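I have a structure I would like to understand better, so I am pasting it below and will then ask my questions one at a time.
Letters A, B, C, D and E mark the chains as written, and numbering starts fresh at 1 in each.
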Amino acid sequence: MSNLVELNMGPQHPSMHGVLRLRLKLDGEIVREIEPIIGYLHRNAEKLCEMDYFCDNIVYFDRMDYVGAMNMEVGFLEAAEKLLGVEPPERAQWIRVVAAELNRIAAHLVWMGAFGLDLGMLTPFFYCFIEREKILNIFVELSGTRQQYNYMSIGGVYQDITPKIIEEIKEFIKQFPKKLEEIANLFLKNDIFLSRNRGLGVIEKETAISYGVTGPILRASGVPYDVRKEEPYLVYDKLNFDIPVSQKGDNLARFMIRLEEIRQSVKIVDQAITKIPDGPYFNPKAKKSLMIRLRGEGEVYARTESSKGEFGVYIVGDGGVKPYRVHVRSPTFKNLSIIPAVAKDKMIADLIAILGTFDLVFGEIDR
Amino acid sequence: MSLLERLFGVFSFLGHDLGYAVSYLIQAVLYLIVIALLLILMIYLFRKFMARLQQRLGPNRVGKFGSLQLIADAFKLLGKESILPSERDNFPFVVAPMMVLIGLMLAFVLIPYGSLYWIGSITATHSAVSVILIFALMAIMPIGELLAGVSSHNKYALLGALRAVAKDVSFEVPMMLSLLAVVMMASARVSTPLDMESLISAQFLAYGILQPLGIFLFFIAMVARASYTPFDMGESDSELVSGYSTEYTGMRFAMFYIGMFGTILLGSTLLSTLYLGGYSGPFSSSIGPIWVFIKAIILVLISFTVWLSLPRIRIDKFVNFGWKYLLPVSFINLILVGILTLGLGW
Amino acid sequence: MIGVKEVEDPKKRVPLIGMIGGMATVGKHLFEKPVTVQYPEQRREMPERFRFRIFLKLDDCVGCTLCEQVCPNGSIKMQPVDRENPRNKRKIYPDVNFGTCTVCRNCQEICPTDAIYLTNVFETSRTRNSFTYSPEELALEEDKVKK
Amino acid sequence: MVEILEEKKGKDGRPIFVIKKSDLLEFMRQKKQEGFDHLSLITGVDRKDYMEVNYHLYSFSKNQYIVVKVTTDNLTVPSLISLWKSADWEEREQYDMLGIRFDGHPDLKRMFLPESWVGHPLRKDYDLNNVQYINMDEYGEDYATFDPGDGW
Amino acid sequence: MKTGETGILTTTIDKALEWGRSNSLWPLTFGLACCAIEMMAVQGSHFDISRFGSEIFRNSPRQSDLMIVSGTVTKKMAPRLKRLYDEMPYPKYVIAMGVCVIQGGPYVKGYSVVLGVDRVVPVDVFVPGCPPTPDALTYGIMTLQKKIRGETDR
């Protein structure tokens, strides 16, 4: 057809969640062809990782999934600690779980607010950010910064968790579920919201697997795959929680999965916060001035469940103080590749809604 | 005594013709100023209201409680560079925002505001067919939006304009039918039911109570006309950048912006006149205009809440909704009103 | 115990009721207290671990260059400073470029004498792109920088 | 029959199969039939004199994870796009970063950088001192300019 | 006031315009990377940039006065950034938020990051930090307001 309108959406577009560019072929309102063009936030993190010490690489990982930086740190350290042979002490592992799950809540809250904005709901965004702000305050107490924490280090965490912070987390966990339900009801009791999401953007199980999709999107399509369950890292196997799964595969299912994940994360934090054992929070093998002298050889792949999906870090070491090759399996990079298949022959408004449920974070896609 | 007569009393030394001309002019300017002030107040109210709904404070740096915020905005917009895109269609591009504003301002003039006891009637003009006139004037605005979208040669703007028109087409008919019901009910009591004032005098009981379906339909139509969020397909902030007004800068954009808020004020004023008794008020009609605006502001606040808490409907679903649900419901409303009027003699 | 839980879609219910409920929820917040902290007048309580700007104790610095090595992007460069300090034989001190500093705190962590440390001063914005602070500027008392 | 050159365990306990490049497609097809339905990752590693490509496979049903490794001297590897759709973007990324060409990929172009970018950044011999910058033509497409001088 | 000849009226108008501009900075919704989330937080309830009249984040560059470059500007993004800047009407202001856009930040050694957005567009205020806290960004916006009114020396 020759009468298709070509439209460049992005890289600057209010609902692209960053710098995605979509080259659309439009037939009126209906999208006939989609070509995602990425790389507008390609920050050469993998190259820089090769040029820096292991302990410095955390800086680049923090900035990958910038809304869930703790999860990124966990992912990198899972790999790096195996490569370097430094085991974090028990206490550090529990602290990491608490931090990672709190950050998962924060990341999902950002997504939920932004998704509301995509659909034109202005107010839930603010309620989500009010809740997120409470989590960030805890993180400031814990690590010192709001977003890019650099909190975990090889062999443990930089700073110990204090009883005051534990009290604050408990307080947050106590009041949060009520607020969450209130925000969720703004979405889920809304007929317009439901009509725009139910049965839309359905991803079949086979398609999802073939495209390598992971995380909430895969679980919404009926595969109960979660790294925390299949290959427990840290101390997740000592915790009691559920992996949400849905068979529908549509936008609404993805929303429900993420909502349930927030609830489960609350449950995890609630358990983990009481179970933090006493002991050192740092492996003395990696402490202080030793930290730039750690050497690693061999190759290690570690996968973790970030808030977006399976986050894998592949590190090849050649025995030096710097990694030889670092490659990141970024979940949203894979998830985005399914967009042309899903949003084809839908309306522009639907494309925006579908993109919204994908929870794109470009620091991670482009790296 | 009306405002015009008082003005003529001052200018009567100019003779009949010139005196009336001058009084009309001054009255028009007064109206413009009052409406402009009201709109500024509305936008300020909206920003404060939105902030409070979101547990924020809103503008509070310029003036007491940020009351001069809109003046600052106006100064800034006046001083902005006005960009005309190189591929525009010149005439419609320039005219479109004015059409929106002119349609709005003219429609305001025709609404009866009643009388304040120390000034007298402040209704500007009186027409025997003011209902029809108002809705005809309001129909200029979507044309302005369409022109704006088409003439700016921007794909987002074009899509936004097309959506806006599709939206307008699908709620206009139900709105007109619900208006017809009002006129029908009034025609049983007054001889000139197309006159806004006699519509008010015909309301022995507020029509909103007698026609719950009608007021509901009209409210939806009002929000849709103002393109507030469930129905802001034309603007679609997150999808089409800024819809039909994407290419507009400075004061031209401000005209669209004011038009958006003005429409909701106009719609609420109309609704309060048509369904809630207008200036006749619950207790006393001697402060008529104040009653009109109290009712209007309450309606405006409700529509702000609608705007801020609901997501956008997809355009095809709204067209569907308009023709499949709103239209039948408005027919049912018409039939019910017919039964009430003819059968029960209300 | 990690189980699998099937999530269910929200039930279909009468149209409009939920929407009006949602609007009521939003409207309810009109009567709640705003959470805004009015920044220039009121300040949020900064937790004691909050860190932003680097400071230096000139007397403690031994010029070991560890901070320069560990800095991920070379924000820290050692500068010769003519200053009597028996512990710092080489007479080199770090200067910091805040135009690249990522506030990663590695320098504070690795410093053997705790000479370099981060504080909660965050009002550092400028209208010109010059953010390289010499060792003397870094050593200025916090209060002076805060104004 | 597919010949496995070497089978070893990585430092993280995952089995690594080193196979010949010519056997890759056949081996992968076998593995896919065995239930390894998730191609998780394709990583190229520049070993200076040869290029190494690692494929990470996962089976949802069996919860097993394997790594398949091939080496190449001439920068070409068969493409897996016929087996997994996810190979599409992964291979484009590796082509962009390391210059490994995947035979049979229908649309092998750069992922992150514009087509005219000189060199493949993750190669060990990539010269970071040669500054390139990107311009945009009037149609919104990118092209890289090579600037031996200061540049950006 | 640039020349000594401007009359009282023009001075007053200038003052009024400066006052209007400085108190009504409508930012462009322009999120690039990590800092964009903090920019959203500034919009959020705890920090509430709307107090300074900057609450309306316009999506269209045609209607915005302030571009907060929030996050890394890569070489691929730089031409787009330039184009967006060109689309904005005068008077327009740019805040460089975060160290990535000031001098390259963590990516200063890499190949694909523009080392300072001031090489692409003129920048009015630089707000360092990685990312700057919302308070720091608010301070940056206040600095810009002062700069517009001609009060700052920083």
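Basically, contacts are C-beta pairs under 8 Å (C-beta built on N, C-alpha and C of every residue); 3 or more make two chains touch, one makes a residue touch a chain.
Model, not experiment: these values are computed from the prediction.
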Any chain in contact with chain B as well as chain C: A, E
From chain B, the most remote chain by mean C-alpha position: D
Chain centre separation in whole Å, for chain D relative to chain C (CA means): 38
Chain centre separation in whole Å, for chain E relative to chain A (CA means): 29
Euclidean distance of C-alpha centroids - chain B vs chain D, Å: 60
Distance between the centres, which are taken as Cα means, of chain E and chain D, whole angstrom: 40
In chain B, residues with contacts to at least two other chains: 51, 53-57, 60, 237-238, 241, 308-310
Numbers and ranges of chain A residues touching at least 2 other chains: 14, 39, 42, 44, 47, 59-60, 123, 126-127, 130, 133, 148, 186, 190, 192, 366
Multi-partner residues of chain D (at least 2 other chains): 112-113, 121, 126
Chain pairs in mutual contact under the definition given at the outset: A-B, A-C, A-D, A-E, B-C, B-E, C-E, D-E
Residue numbers on chain A that touch chain B, as the complex places them: 5, 7, 13-15, 29, 116-123, 126-127, 130, 186, 190, 192-193, 195-196, 347-350, 352
Chain A residues within the chain E interface of the complex: 11-12, 14, 17-19, 39-45, 47-48, 51, 59-60, 63, 66-67, 110, 114, 125-126, 129-130, 132-133, 136, 146-148, 362-363, 366
Residues of chain D touching chain E in the complex: 112-114, 121, 126, 128, 131-136, 142, 152
Chain E partner contacts - residues on chain C that touch it in the complex: 34-40, 43-44, 52, 72-74, 97-103, 122-129, 131
Complex interface listing, chain B residues touching chain A: 50, 53-56, 155, 159, 162-163, 229-230, 232, 236-241, 307-317
